[in-house]
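Each of the next two complexes has subunit A plus one more chain, namely subunit B in the first and subunit C in the second.
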Partner chain A sequence: MLSYTTLEEDKLLRVDFKGDLDIEATELFQQELLKKMEEFQSVNLNLKEVPFVDSSGMGLLIELVRTLNEQEISVKISNVTEEVFEVFELLQLPEILGKDVFV
Partner chain B sequence: MKSIVSKGRNVKEAIQLGLDLLKATVDDVHVEIIDQGSKGFLGIGGKPATVRLTKEQEHAQKDAFDQIEKALLEQTVDENTEKVAAFIKDQTAEVVTSQWTEGSQLEGKAWVKNGKLYGRPSATQFPIITIGKGVQVYKNDILIDKETLLITGSHEYTIRTINEEQSTRWSIEVDDQRLRVLLAITPGYRIERSIHDIEPSEHIELVAAEHRVVDNTLTYADVMDRLDNLRIKQGFHQDAILQALDTLEEHTFEIATGQKPKPGKDGWFEVLVDVDIKYNYDGNEKGRIDFKELKTIPSVDRGQIIGLVHPPVPGQPGTTVTNEPLPAKQTYPIVLNLGDGVEGVDNKVVAIKSGRPHVEKRGQLVRVSLLPKLLHRGNVDLSTGNIHFSGDVEVLGEIQNGMKVEADGDILAHSTIFSAHLVTSGAIIAKKNVVGSELSAGKNNMLIVELGHQLHLIHQQLDKMLVVIKQLMASNAFKSSDLQANGLQPLIRLLMERKFKSFSGLIKKYSDVIHGADKFLESDEWKEVAVTLNRFFLSLAPNRISLATLDELLLKINQLYEWSITPVEPNAHITVLSVQNSRLYSSGDIYVIGSGSVNTKIHAGGLLKINGIARGGDLYGKSGVEIHEVGAENSHATTFISVPADQRIRIDKVMEGTVIKIGHVKYRFDTPRHAVHAYLKDDDIAFV
Partner chain C sequence: MYHGKFTAPHPDGSSHALDPFLQREIKLAKNIQSTLLNGEVPTFNGGEVSGSSLPARLIGGDYYDFYPLVNGKMRIVIGDVMGKGIPAAMLMILTRGAFRSASESTKGPGDTLRAMNQALFKDLRALGSFVTLFCADWDPKHYMLTYANAGHNMPLHISGSTGNIQTLSKVKGALVGGIPNLVYTEEQMHLDKGDMVFFYTDGIVEAQNTEQEQFKLERLIQILQENKDKSAEELQESVLSSIHTFTEGLPQKDDITMVTLKITSDNSDITSLNSPVI
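Let's look at the complex of A and B:
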C-alpha cells in the first residue's frame, strides 16, 4: 500500500512516496493528494522508495501531471529507481510527460 | 673493445679525464676527437670538448669496467657540472666505434655492417636514418618512435628487428538448421626480419629483409574434440578435414553435412475439363477481328467429372549433423468449396447440371461451381431495369442510359455500351464501342488487396505491441497484479498514449473501408476483425483483454492478410473494341483491340494492350503497357502512361505531348518518336 510524507518549502511541495505505485493508490491520488498539491506552485514527486509500478499506477501519474500542468503547477518526478525507469521508458513516459519532468 | 666518451672544458682535459677513468696512458688508447668544444661568449653558450677513447687490449676490460663505474659514482667534473658521460659498449649494443677513424670519407655518413648501425656526424652533416617496418632503433636504450633519426653525436644506437608471429586461428560453426558444419581456418605464420649491411651514405634506410613461414598448427584431434563438444555425430567429410589441416591459406571447409528433408507436395485440384474461355485476339489474315470466332465458352454436362482432389504428399524428414530428425515442411490439403451445380463424390467433383464450369483458386482454397448464364436478348435500358445476376451475363442489345449490370461471372456485351456501369468479379467483353461508361472487372479482389494491405500495417503494430507488453511483464519493477483484475486494457491505453499513437488511426481507416465495402465482401471475417479491433483498442467501455485473446487476434489478422496476397486464378480481364470518355478498371489484363481509346482512364492490374491509338487519358498497366500509337498531331490533350518501376512501356509511334512515367520517374516526348521501348535504368528512363 502506497503511503507518503510531505515537506513544504515556501511554494514547493515535496512528496516522498513509499510503497508500490499501483491500482490501490487511486483513492490516495484522486482524493487527498491532488487537492493538497493544488495549493502549491511546484510539486516534486520523490519516487525513491517506490520499487514497483503497475499500468494503473502509471495511468494515475500521467493524469496527475496533466491535471496539475493545466493549472500551471510545475511537476517534477525525482529519484526514480533504475528498474522503474526502465518500465517508464518502455511506455515512453518521458515523451508523454516531457523529458524535463524527470530529474 | 671498450671505449668511453669523455667531456672536458677543452680537448686536453677531456682526454685526461678519460685516461684517468680507464686507468690508461695515451699509448694504450685510440683517441678520437668528436667535438673540439667552444668557449662561448662570456661563458654563455659554451660547449664542452668531447673525445672518445678506445682501449684495445682485452685483458684490461674488466678492470676498466669497475673503474668507470666507480668514477661515475664519485666523480663530478667541471665547473659547468658537466658529468663525464661514459658509455660502455657490449657486443650487441653498437655505436660509433673506433672504426670511425678508418677514413675521412665516412664523415657525415651512416652505415650498417654485420647488423650494427654506425654513424658519424660531421661539422656540416648529420647522417639521416629512415627506420622501416619491423625495425626498432634504440638511442641510449630509449626506443625512437619516429620514422627518421638524425645521428647527432655520441649516442649509442641499437638496432633490433621485430619478428612477427601469428598463431593458427580456426573456428567451427554449425548453421541454424544444423545441416552444415563449417570449419574456417587462418593458418598461423611467422615473419622473421633481419638487417643486411648498408653502404655508408648520408641517408640510409633501415629496411628489414622479411622471411615468412606459414605454420598451420591445427591437428586432427583439435577438430575432433571440437566436433565432439558440439555433439556433431554424422555426415563427416574426412577429406575436407584433412585438407583443412594441410591448408596454407585462409579458407572455409564444409566438414560435415546433414541430410535435408525432402519436401512433400501440398494437395492439389486437378481440373479434367476445359474451363478457360478461349480468345482469339490476333484476328484473321486481314487484321480484322471476327467476334463470332473470338470466344469459345466451355461447358459440361450433367454427371461429368469436373476434377479430382489429390491429397497432400508428406515430405521425408532429414537428419541433422547432430543426428536428430529434421521434419519436412508440413503439407496441406486443399480446402474445397463447392458452389452451385456441383457435388463431391469421394475425391471427385461432379457436375449435377450443365453449365460453364468455374474453378477459382486462391492458395489452397479451391472453389468449384457451375455458373448459370443469363441471356438478355434486347437492350438494357429503363424499360428492363438493371441486371443483377450471379453467373455469366450475355447481352445482345445495347446497354445504355445509366443502367447497371452486375454479375459474378463474365459479362459479354454484343452491342454498344453507352453511359452505363458494369461490375463483375469475372471478365468483361464488349464487342462494340464503350462510351462514357464505367467498367470494373475483378473489383472484389482489388478491395481485398486493399484491406489486406491495411491489415498488414495493423498486424505489424500489434505484433510490436505484444512484444512490448511481454517485455514489460518481464521487467523487475512492473507489477502485473492489476492485469489479472482488469485485463490489459489500462496498459494498452498507456501504450497507445504515445508509443503506438498511430494505431488508432490505422484501425479507423480499416473500419471505414469495411463500412463502405460491406456488401462486396464474401466473408464476414473481415468485418469481425474490424469489430474486435474497435472493441479492444478504441472503445472506452471496460473490456477484459488477455494476452491469449491478443495472440488469437494477431493470428486471425495474419491469416486474412496471407489470404489477401494470394493471387486468384484465373484473373479477371476486360476486352473492348474501343472506348471513349470512360473508366476501365481490371484486376487483370485490359485489351483494347479495335481503333483505340480516347480520354479514358484505364487501370490494369496486369498488362494493358491497345492495338489502335490512345489519345488523352490516364493509362496504367501494372505488368506493362503496349500501345500502337499514342497522341495526335496538333492535339493539346496530354496522354499520360505509367507503369511500376520494374515494368516497360512499348509504343510503336508516339506523338509530342505524351508523358510516360516508370516508377517515380517521368519523361515527356517533345517530338514524335517511333518504336519506343522504355524502361527504368539507374533511376532514369532509358530507351532500348
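Let's look at the complex of A and C:
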C-alpha cells in the first residue's frame, strides 16, 4: 500500500512516496492528493522509496501530471529507481510527459 | 472460479450481496466479454496458436486477438487496459473494435498500432485511460515475425533447437492514449521449426505470494523452459498452475493473459480463418 508524507516550502509541495504505486492508489491520487497539489505552484513527486509501478500506477501518474499541467502547475518527478525508470522508458513516459519532468 | 452470489466488498470489510438485477447484468457482461475473447482460434499447418485470459475480477481489461490476413499472414495482438473490472472491460471492447477495423486497412503491426492510437486517443484522453498493446504479424511463408509495441511487456522467444529463452529485441513505442499521431516502429525476427513466442500481460510476472514477493520474469522463464515441449495450450495451463501454486490461493491482483505461437514443422500455411476475408 502506498503512503506519503509532504513537505511545504513556500509555493512548492514535495511529496515523498513510500510503497508500490498501483491501482490501490487511485483514490489517494484522484481525490486526496490532487486537491492538495492544486494549492501550490509547483510539485515535486519523490519516488525514491517506490520500488514498483504497474501499468495502472503509470496511468495515474500520467493523468496527475497532465491535470496539474493544465492548471499551469509545474510538476517534477524525482529519484526514480533504475528498475522503475526502465519501465517508464518502455512506455515512453519521458516523451509523453516531457523529458524535463524527470529530475 | 466464482461460486454463489456476486458480492461487493465494503469499506468496513464486510460484504453485501448485490441485487439480483445487478447480478444478472454482470453475468451478461461477463458472457459478452468471454465470448468475444474466446472466439475461434485460427489453425494452420506447421504450427499452432493459443490464447487464454483470466480476469482478476468478474470481468477484466486484458485483451488478445488473432486476425488472419488475406496475404496469408496472421496478426496477433495482446493488450492491457489500465485498471480492472467493469470500467476496464468497457474500454477493452472499444480496443477490440479498433484492432479489428485497423487490421482491415493497415499493412503491418506498426501501422495497426498507429491507426488504433489515432482512433482511440481522444476517447482515452477524455477518460484519463491508456492501453498497452503488442502487435505482431506472423508470416508462415517466410517464417518472419514482424512486431511493434505500444508500451507492453516484450514477449519471450523460446528457441526449439537450443532451449534458450530471451525477450524479443526491444522496440519502443508509447502506450495507446499517450501521444497523438505517433508512428510506431517495427522489428523483425526469423523463427525456426520448434520455436515458440510467448506473449503475456504483467499480471503474470507481478502476481504476488503471501510474502509479497512477485512471480517475476525469472520464474516465468523457468516454467516455460520446463514445459517447452508441450502444446501451446498445455504450456499455458502449466504457467497458470504454477502461478496458483506460487500465490497459495491469494486473490488474484491483476488480470492474467497469455498468447502462445508455436512453430512445429516446415509447412505453416494458415488454413483456417476466423474472420471475413477482406
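Keep this in mind: the second predicted complex is superposed on the first by the 103 of 103 C-alpha atoms of A that agree within 3 Å, B and C clash if a C-alpha of one lies under 4 Å from a C-alpha of the other, contacts with A are read in each partner's own complex, and residues count from 1 in each chain.
The rule is simple: a contact is a pair of C-beta atoms (placed from the backbone, for glycine too) under 8 Å apart; a residue touches a chain by one contact, two chains touch by 3 or more.
On a predicted model such as this, the values are computed, not experimentally measured, just so you know.
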| item | value |
| --- | --- |
| Room on subunit A for both subunit B and subunit C (clash or fit) | clash |
| Touching partner for A:E95 - first (subunit B), second (subunit C), both, neither | both |
| Contacts of A:E86 with subunit B and subunit C, given as first, second, both or neither | first |
| Subunit B versus subunit C as contact partner of A:D54, first or second or both or neither | both |
| Touching partner for A:E38 - first (subunit B), second (subunit C), both, neither | neither |
| Which of subunit B and subunit C A:E63 touches, first, second, both or neither | second |
| Per-residue touch tally on subunit A - higher for subunit B or for subunit C | B |
| Partner chain(s) touched by A:E9 [first = subunit B, second = subunit C, both, neither] | neither |
| Segment of subunit C intruding into subunit B (one of 21-29, 93-101, 219-227 or 237-245) | 93-101 |
| Subunit A residues contacted in one complex by subunit B, in the other by subunit C | 22-23, 52, 54-56, 58-59, 62, 90-92, 95-96 |
| Subunit A - residues contacting subunit B, complex | 20, 22-23, 51-59, 62, 81, 83-84, 86-87, 90-92, 95-96 |
| Complex interface listing, subunit C residues touching subunit A | 80, 82-84, 128-130, 132, 151, 154, 170, 172-175, 178-179, 202, 206, 214, 253-254 |
| Residues of subunit B defined as touching subunit A within the complex | 468, 471-472, 475-483, 485-486, 490-491, 493-495, 497-499 |
| Contact set on subunit A toward subunit C in their complex | 22-23, 26, 52, 54-56, 58-59, 62-63, 89-92, 95-96 |
